[in-house]
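Quick heads-up: structures coming right below.
The same subunit A turns up in both complexes below, where it pairs with subunit B and then with subunit C.
Up next, the complex of A and B:
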């Protein structure tokens, strides 16, 4: 614990016993009190929602009492509402007139999910969340019925992190669906989701998920604390949360892992990480995350281990290629001609013959062109998307070379770099290399190989200085841990990978205790 | 404040210092061959051959000379190469020099020491170019001899040397630092490779000579040039070069050995060939009393590549016999070469002196000054063991299965 105490400076937990609604509306001009008088309540509701067309407050009679059903028509399925709430048979017999709200619920809405709202804040909160709130005259509480059934996007295949073998489900925008996708995979009572409501204007639900028997308490407290500290107006995607909770903003490297794959999140949870699920975002975050996480695809674990190990090495290589290849070209061709083999030098020189720009300008031009095309390709409506690729291939690939503006070896370099930068399974990581590449080209143009090396040294120093929720970013490599190497550069077979990463200080560090290496059955003389 | 100053220093280090030594590829000419001749008015006459890269581009095949040469006279190499731009448009880059042709006149009369110093001093020169002494024609002709396959002449020479070294061993494999080490060393005399032009160099100059299937001029390797300190003393033949290499480090070679016992006269001249694949040689120098002894132990693995002898290759004895024959033959060859060097030059190109230096330092110190005389009078003892490992993809030769004529 000594080290983890050092890693996570603990602060006092601010969270009191207040309910989410109180916290949410505490700064706003909404009175808290719920009145016994139906009229008063109706009046204040109408005051609040007066200009909203989808707000309705329908008067009904429940037995002898006056009541009204208030709801936002767009937040619930209006047919279900009519069937289940507005159309309930209302007996008028006096004998069994329900006295309190509990009896009313018991009599008229016995099959529906419900909640009681004893403050006006709660009423408003429930209405905003798509409940139908039944306020009965003379009662101290209102009854909120969950209608649900609003429109949401179906579960589809992941669009950014596709794999060939493995589960094809992806998270959607609905937080409940997302949590159910995780729960379906981890059937464990210790899988816990805590909710937070963040965003002064949006009151977005943010849930943190963890397996309480695995995840380290200090990490968990750190996550809770950082989330509670967030005071922003709007949370529209997990990206908004991500920027508010990272250890350091001024870095091109992503310090928070994001994925739209439930299986990937589950494996992170089971390693001892904390998942952050934001309502409205199909990208779920996992913290703390380290550098090597961004080179691992969940498919690595679904294929026999040899190939994934090889592919991981390819990923690291292509990261380096995407980072340094263009700058190496600049450095070698303008400073260190002696470092190239003679034949190669002659053929590069032959291609550069007649190119009017220095190598730096040439490569900057092409890299920028490529970035522009990439951006255009992403933003363009699907229907015209093909134009970009056709124009791009023609402009970049052929015309520029034929016109003698750039050398053809440069086109190869730019193309190869671009392809290599897409190899990282997590998109936000490949963005980092895109940005650094330009700086590196500048260094190479000014100082040659010396500059490239200088930059790489600075980059490594920066990487070592980074932390994600207190965990060193290069963990298991930079504070080197031999026991963690079974799943870093190589993926050892599942039976050999027995421990959870030690940099997460999991409560139970060992996954499997038994020796499980499979072997053929012992057969003697042809018989078992 | 400190931070600001730091940032200022960082920025100025970019803006004020960078780029000073950067050169774009289209502003340089890559020199591949250098030739040194005796000057008419001044000391040297330097010729550089630099690549005309655009001719070599695969996309725009147009006729033109793959290299261009420029000749200038001066008293020292750096001086001349600095002045080259009076006739050459681009900055000359010497880092890819593949061949240094030295006219034998220069090597004989002036010695090579004076300009080797400037080459060794210059950071541009790599240590991987070939030092070639030109026999016959003047050195300036060498960088101009065209070749249809390897279009840059000096690259062709380099490749040819690499290939011969790998297949037969006709080049002593001497680089700049080896050469200089040997000049300085008391126990070894420097050597270099020598080249000649076969054919008409004037015709070979013309790019159109590439149109002909039989090149009108060709650069040939011509064995070792032996130096006394930095001055040329004489030449050894290609065969001797191979034998020399055998005592040093031979990659592979080919020997043809007569079938009959040594000295025995045969009616028909029959031979068998060995491809030598793997070589180990150790050199020992020692004194017996006052008499220096040179001992070379050679172990070679070989593959039988041709068999004209009428012997049964399916028997072990045959192999032993062949091994014996070839060991003897190779031994005689190598002894002859060493003797020849002893008699003709009296210069220890093999490094026996260095071996003595390692093996008996005291004695080496004593004889250091007069080592070359000691070398010349030394007894030579060469032990060769040739081991025949394989006989190709055939064992018995079909020749042995031809039915014999009844008359015999």
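Up next, the complex of A and C:
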């Protein structure tokens, strides 16, 4: 059995006895039948793979039978193929001829992971997945041997979600590595991974993982249903899947949580969520996800609880700052000068004196400049990365103020806003504030503070109407649940956090029953 | 979980939140009992208790036929055609009050913040937000309330503390107590204070049937009315002690005027915006409740889903807001002289009192088994 088959529990198929391979190739013009005659099979394989250079079909002899080994040379380790498969038959002396494929395997490849392929579809699928397929003349099945992997990226530290204290491993592009990273942390027979093959052209493996004793069946069925519905050509990253399974795509807010931290995914699994792992993507998704998930870093749980609680409040605050600060500036300096304390107003107006633009234009200019610099900073080759910061800080920041194009208060506001928007631990969430900020500036420019309030109310209405896999997006705040508040705005100590979030309707709602509040050893009235 | 989406339900907490914001909504704009000077809070206290009684009466009616809203109750008691006719009157009443409430807010904004902005802009934008929320449904409405209630509540409480620490309060303003005897207070309580803001809770007869734990809804509503009454008393006391009786009588927006006295650390001053925020959300809730109640009535009368009527009716209301009176003075005058006697009292007390015996009789008949007067 292959590693992937070992890890995945084979999905029971509703359509009866059709195998995943059949499903995958059902739309393609490939004959299904596997022939007894080796020549016929070889001919159809050559027909299929004739143009690609990395396909090989080497003739060998296994005892007295004609056979051939077919593989894609780029998908497996060619050295171990030579050692284990191509060399083996010659060494074995023929005493008794093996009659069927099982005996052949038993005789020649007793130590290798294997699988039988009884249809031509399976043969093709195995070849594509890096197996070496041995077809023996006169046999009804082919033997697929797992040779060993090709090169893949090693497990490194996370690049987008760094923490100070806590595990430093990150997911990689290989789905088996990712699953093993999760399994290493949750040693539980009820941790289940189911596999799906999605993408008409790419046939990407997508696995959903869940702990069957915790996760609610309805959520699980909803996830399965939505994944089975997906019919797209290519799945190159979990982002492709994400867009196809969200409840509503016309929203700036991410409705699916993504992370490259295995420990974060594990904690979500243990709360009763479902993980979605896509082969080829180091970002694993967790559904259903709610608004407050995006303000929680896994480090919150690794530090003593007071500081993380404080930090969480800081995160919510900086979300609001990133959202409204520029528009507040526009509203106050354009419409409501009287609301500012007099001294502050004077100093702001003094700075704005030489500026030739109205506040809206000024702030739009700077925000756009900043967005451009940010984008350039991300896309720029590493070697020239320094340029952006120099140009940004010196030329655009200082020089623009000195030239009298913008006021220095405004530069402070734009810079502060930008920094505040990075505080959210999940990058895809900070994108939402970037987008909404511009709309909010427009509202402020037209209606002043009334406009800002109007927009915030519209935003809240929009937020509460969102759902992620049927779970209200603002769950545990609206609809309000008192028992869930131990891990929302504050993180209470681990012994106080006894319940799983109730909006997920977990099968076992209580994590730990005992009272475990630590206390100093009991002294018996000072008698000793 | 899909079922939750189809049947719209409110939780008890959401009901309490909506009730609370509804109660303090327009009270925060125009204040109550300003004519009574330093005795306003006594009148509010008494009418809060009476208000709790009124709510229990409404709940009692609803309990006769669980799950049926005001309009369906009227069909039960008056029969199909008469019931629908009276229902239509209620629809007009609800929409008209929605317009009045919205007008209060428009006047506040155009007086305080945007002196040069035409009132149409405010009424259209506000109604746009309300229509969007109501279109998304009662659940979204309830949850929006849940998000804003902490802010509304804390800001209301903080205004009191801030004025106190700004040293602007003079508790002598509360004296003398009942200088002119109990006569003016009683006259003020009925009909004005009892109908606004407590009798207006008749709109919740359309909303309470959608609460998940219906049998507890009565208790929750009564408690919420008492709590919101206390907050109104709190606000009224702030207004009296900060502004003094003379200014209180003259001012149009008492809470706002009181908040303008706040000056802390030479930094926290001119907090008008905070008041406007409380008021804005209160008004949105209040208008939405009336709007929703009216729409539900239309739905009952026409058998068309109310979502189709959200936009047209919102358009009419935002237009009506401007039409109902030429200026603010006229608007307030109508609110004092005309509305309580000729609109609030009949719709809040007379009609329910009229159909209550009928309802009792019909539901009794139904319970005996002759189920001929189904609501649909």
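Please note the rule applied: the second predicted complex is superposed on the first by the 499 of 528 C-alpha atoms of A that agree within 3 Å, B and C clash if a C-alpha of one lies under 4 Å from a C-alpha of the other, contacts with A are read in each partner's own complex, and residues count from 1 in each chain.
Going forward, contacts are C-beta pairs under 8 Å (C-beta built on N, C-alpha and C of every residue); 3 or more make two chains touch, one makes a residue touch a chain.
Source: prediction; values computed, not measured.
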Touched partner set for A:208, first subunit B, second subunit C, both or neither: neither
Which superposed partner A:470 touches (first subunit B, second subunit C, both, neither): second
Subunit B versus subunit C as contact partner of A:345, first or second or both or neither: first
Touching partner for A:457 - first (subunit B), second (subunit C), both, neither: second
Contacts of A:222 with subunit B and subunit C, given as first, second, both or neither: second
Which superposed partner A:447 touches (first subunit B, second subunit C, both, neither): both
Subunit A positions touched by subunit B in one structure and by subunit C in the second: 335, 338, 447-448
List of subunit A residues in touch with subunit B within their complex: 333-335, 337-338, 342-343, 345-355, 358-359, 408, 445-448, 451
Partner subunit C, residues of subunit A touching it in the complex: 218-219, 222, 335-336, 338-339, 341, 447-450, 453-454, 457-458, 460-461, 463-465, 467, 470-472, 474, 477-480
Residue ranges of subunit B touching subunit A (in the complex, touch as defined): 14, 18-19, 21-26, 28, 30, 32, 51, 53-59, 93, 95-96, 98, 124, 126, 152, 155
Subunit A-facing residues of subunit C, complex: 1-2, 4-5, 11, 13-14, 109, 113-114, 121-122, 125-126, 129, 132-133, 136-137, 140, 142-144, 146-148, 266-267, 269-270, 272-273, 276-277, 280-281, 284
